[in-house]
Amino acid sequence: MIKGYTLPRTPLGKSSLVPNPPWHYVGNAIAVEYKVNEDIAASFLPEGLELSSAQCAVYFIEWQYASETGEEYLDPVCSQYRETIVLLSASYNGSPVAYCPFIWVDQDKALMRGLIQGWPKQLGETWITRPYDLSSKAAPVVGEGGKFGTALSTNGRRLIEAKITLEEKTNSFPSPTFAGAVLLRHFPELVKSKHDKPAVHELVQLKSRDVKVSPIWKGQASLNIFDHPYTELPALSPTSIIAGYRFSVALTVDDLYPLRDLK
Amino acid sequence: MIKGYTLPRTPLGKSSLVPNPPWHYVGNAIAVEYKVNEDIAASFLPEGLELSSAQCAVYFIEWQYASETGEEYLDPVCSQYRETIVLLSASYNGSPVAYCPFIWVDQDKALMRGLIQGWPKQLGETWITRPYDLSSKAAPVVGEGGKFGTALSTNGRRLIEAKITLEEKTNSFPSPTFAGAVLLRHFPELVKSKHDKPAVHELVQLKSRDVKVSPIWKGQASLNIFDHPYTELPALSPTSIIAGYRFSVALTVDDLYPLRDLK
Amino acid sequence: MIKGYTLPRTPLGKSSLVPNPPWHYVGNAIAVEYKVNEDIAASFLPEGLELSSAQCAVYFIEWQYASETGEEYLDPVCSQYRETIVLLSASYNGSPVAYCPFIWVDQDKALMRGLIQGWPKQLGETWITRPYDLSSKAAPVVGEGGKFGTALSTNGRRLIEAKITLEEKTNSFPSPTFAGAVLLRHFPELVKSKHDKPAVHELVQLKSRDVKVSPIWKGQASLNIFDHPYTELPALSPTSIIAGYRFSVALTVDDLYPLRDLK
Amino acid sequence: MIKGYTLPRTPLGKSSLVPNPPWHYVGNAIAVEYKVNEDIAASFLPEGLELSSAQCAVYFIEWQYASETGEEYLDPVCSQYRETIVLLSASYNGSPVAYCPFIWVDQDKALMRGLIQGWPKQLGETWITRPYDLSSKAAPVVGEGGKFGTALSTNGRRLIEAKITLEEKTNSFPSPTFAGAVLLRHFPELVKSKHDKPAVHELVQLKSRDVKVSPIWKGQASLNIFDHPYTELPALSPTSIIAGYRFSVALTVDDLYPLRDLK
């Protein structure tokens, strides 16, 4: 008997790309809230969701991960990854939820954990300014005036760039937020008659637990989304920028809410 | 309405990680046939397959891909990738078929096309000696005495190394071969009560068309599979090496045979 | 006693990043001849060179390398690399020579061998369409109508893109050519008073031997050089495109002509 | 006139791989002190240095860099890199100094700044556990019991692995330390008669300024150096492990002490 939470399934079940949940995460994040054209934003939503506002947020996160029994962070090639997440402000049955049309990671384990949750993950390179505990011209302070830069490149081209300058602490998490986001879980069929009848096609809602957030710094931001031949993300370019944020977040994932089967 | 063969699904349907089939491929391959312990090989098979022999083959392939309407090979970052495939000799309902327990690629589009077919793809770095059309100390000949080396590294560690020395042409393709391979298509559930009840869990059989193979060179080979903390592949280490091969192959994929639902 | 042609120098001399010459190379190349503004081109030349024409060439090459005694191509991670070279048409003492203002590779051994010769190498990712020996929608033919695409990305941004369509064979190598190119060999000082007095600053001329060139295909080309914050290459953007080429080349390097000390 | 602190030298001088010093750095480091065989260690020293003890230290550092006028940390692809440094305990004219036989970075700008100082830099992938400001199973604490793991891979193979468990704060920096290290600055000749007469071959001493060090945590450590075909580092494998450390460090480099010309 072969076993494993994902492929590859093997005799000992120790070779799966992703082990059984729970999955534990901690990350340092930069976020930018901005507005886009409402009609365009609405056109990116799946059946079952409506647009609640023109407000979007893009997150650039440097994560470290561990499984329930593991200490993957001690072999960081298995544990560390960087991610860029774009979220739209939607509503499901009248309740505000985020929806993710685009997300990029730089590691296969994170990509697979994402696909399982409904994150439409692809590979891309995310870079994020890091603060340090010493004063230096080579690092910003996590405090008033601290400047941070982020970037995402995919298929060899710069796609997103952002810069933020911290001004003050805030109690408000950026919005839309990925907690409780509604995603589109999807897995196609290759059998010829079924290319338009995916094996999995459902609206689901993230269900994290043990969420912790650090003090949140907020400030001015700039954001650029560049033309790119392989993604319609540039259609969601900012019409105005609201604010930038820096914070750390920790959470655990081992469950998902199924909302609606779209098959 | 959003659309796309895979996520991300978008208004124009032009942002999917993978477009609709057909998918066209051409590759240069090095292969090594070898034997493993039969009981161990049998332990890697899914329900529905039996071991037909102790013979395995590992393939190292440098691919280029294009979609039906596209010319992805003109933007090679989207088209080129290198892959290592391990195959066991199995049988399904008495007919000999290959089965793939392990496979690594270095690009997300190839990884997703693979998962859709049932290939248990993960990321890894494959290197393959390249022949050139000029005589040089820096390249082997595709002919008697030509030496080729291959390697796969994953998670920062060398996992497989092979070397072959060509001796003669042959009409026989290495065995087991990936044409008509039976794979385990699988997509997990994250809903808490269903971690052991995957959404997709089925035996499928590859169905390529328009397969072309170049003249095949065959010769001596060496193969090493190294200890590695994250994969049970080393259990399938060679007990003896049979032969090495070099050839090119082209094929098109747009269909799949569903064999048995294992849910 | 420690030894080695380059650092690191060690007891056995087997750890140097680059071993003693001779160094053997073979590569597949795409080239595009184009014209630039003459005054701008002239401004990129070092002391001792004059501009001979407005004609430039950019080469995209997929190389394989071996040392005199080694078989590095059997462990391709040590041997294979891809490179983009920009050449200007200069003259030295009245004789036409190429001069290289910019060049990118994707591997450290190739970067160091380059710096030693005077190539101003930096890291960047080069992609080049590959032809195969089988007919496929996923590959071009090396013949009339065959289309090839190339690209260079550096610091996460696409910098150069080219496409060529082969039309006919030719006996002429693209011009300017890297054979006999004059380069600026340079190594700075870090001692405070000497930041403007480099330890090495000389004009040198490449001296390859055993040069072989395959049949050369020529045809139409397009070339784009994109804005990029970290390089003045965009100043050398094409005012017109002349032609595109595809060919293979092999050569050996173990010597260099010192021309003029510029210290 | 072309200009630039390093190649490529250009009309505006804005394209150099490395700009003029000063160069500002800040990093998070894990270090392991260990002992090696004294005779073997001594055999790795250049002319002019003697071994002062069998004690070595290996450092794994996640750096961020900025130039004097720049804010490279806002475009982190240009600024961030990870490095592994091996140091021996030597003495120069009777004074204890560190000497570096091996060092790996993952970025070209850091590689060139290193070569200019005499660091024998090559490319390799370094991974280091990161602490976070939130309590999580996915991260260690910077405090008693906090566990950190590091690794270096080069040419596709794992070369060094270390793990440390923090126990207590200390006032002592690990030894040997890179402050004031003596290095071998070296640049070869390619002219045929001069392959053994390098253009630059001198003992130099690092001269950092504005050095800041965070509180230092110390504890138990394990260290493994694996067989590797391309480096003699395994000869410097630990005979015993002394201790592990975690700390942050900031410094500025704009000068170098020339000690002895070895040409």
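General remarks:
Going by the order they are written in, the chains are A, B, C and D; count residues from 1 in each one.
The criterion applied here is as follows: a residue touches a chain if its C-beta (ideal position, glycine included) is under 8 Å from a C-beta of that chain, and two chains touch if they have at least 3 such contacts.
Chain labels with UniProt names: A, B, C, D = Acetoacetate decarboxylase.
Keep in mind the model is a prediction, meaning the values are calculated, not measured.
Common neighbours of chain B and chain C, listed by label, are A, D.
The chain pair with the larger count of C-beta pairs in contact, out of A-B and B-D, is A-B. Interface of chain C with chain D: the two copies contact each other largely through the same residue positions, with over half of all numbers used appearing on both sides.
Taking each chain's centre as the mean of its C-alpha atoms, chain B lies 40 Å from chain D. Note on chain placement: the centre of chain A and the centre of chain B lie 30 Å apart, centres being C-alpha means. For chain C, the set of residues touching two or more other chains reads 75, 77, 125, 127, 151, 153, 156. Taken as a graph of touching chains, this assembly is complete, with every chain in contact with every other.
In the complex of the two chains, the chain C residues touching chain D come out as 1-2, 5-12, 14-15, 17-18, 20-21, 43-47, 75, 77-78, 101-102, 107-108, 111, 115-117, 120-123, 155-156, 184, 186-192, 195, 199-200, 204, 229-233, 235, 253-258. Against chain D, in their complex, chain A makes its touches with residues 24-28, 62-66, 68, 71-77, 79-80, 125, 127-130, 132-140, 147-151, 153, 163, 212-214, 248-250, 252. By the touch rule above, chain D contacts chain B in their complex via residues 125, 127, 151, 153, 156-158.
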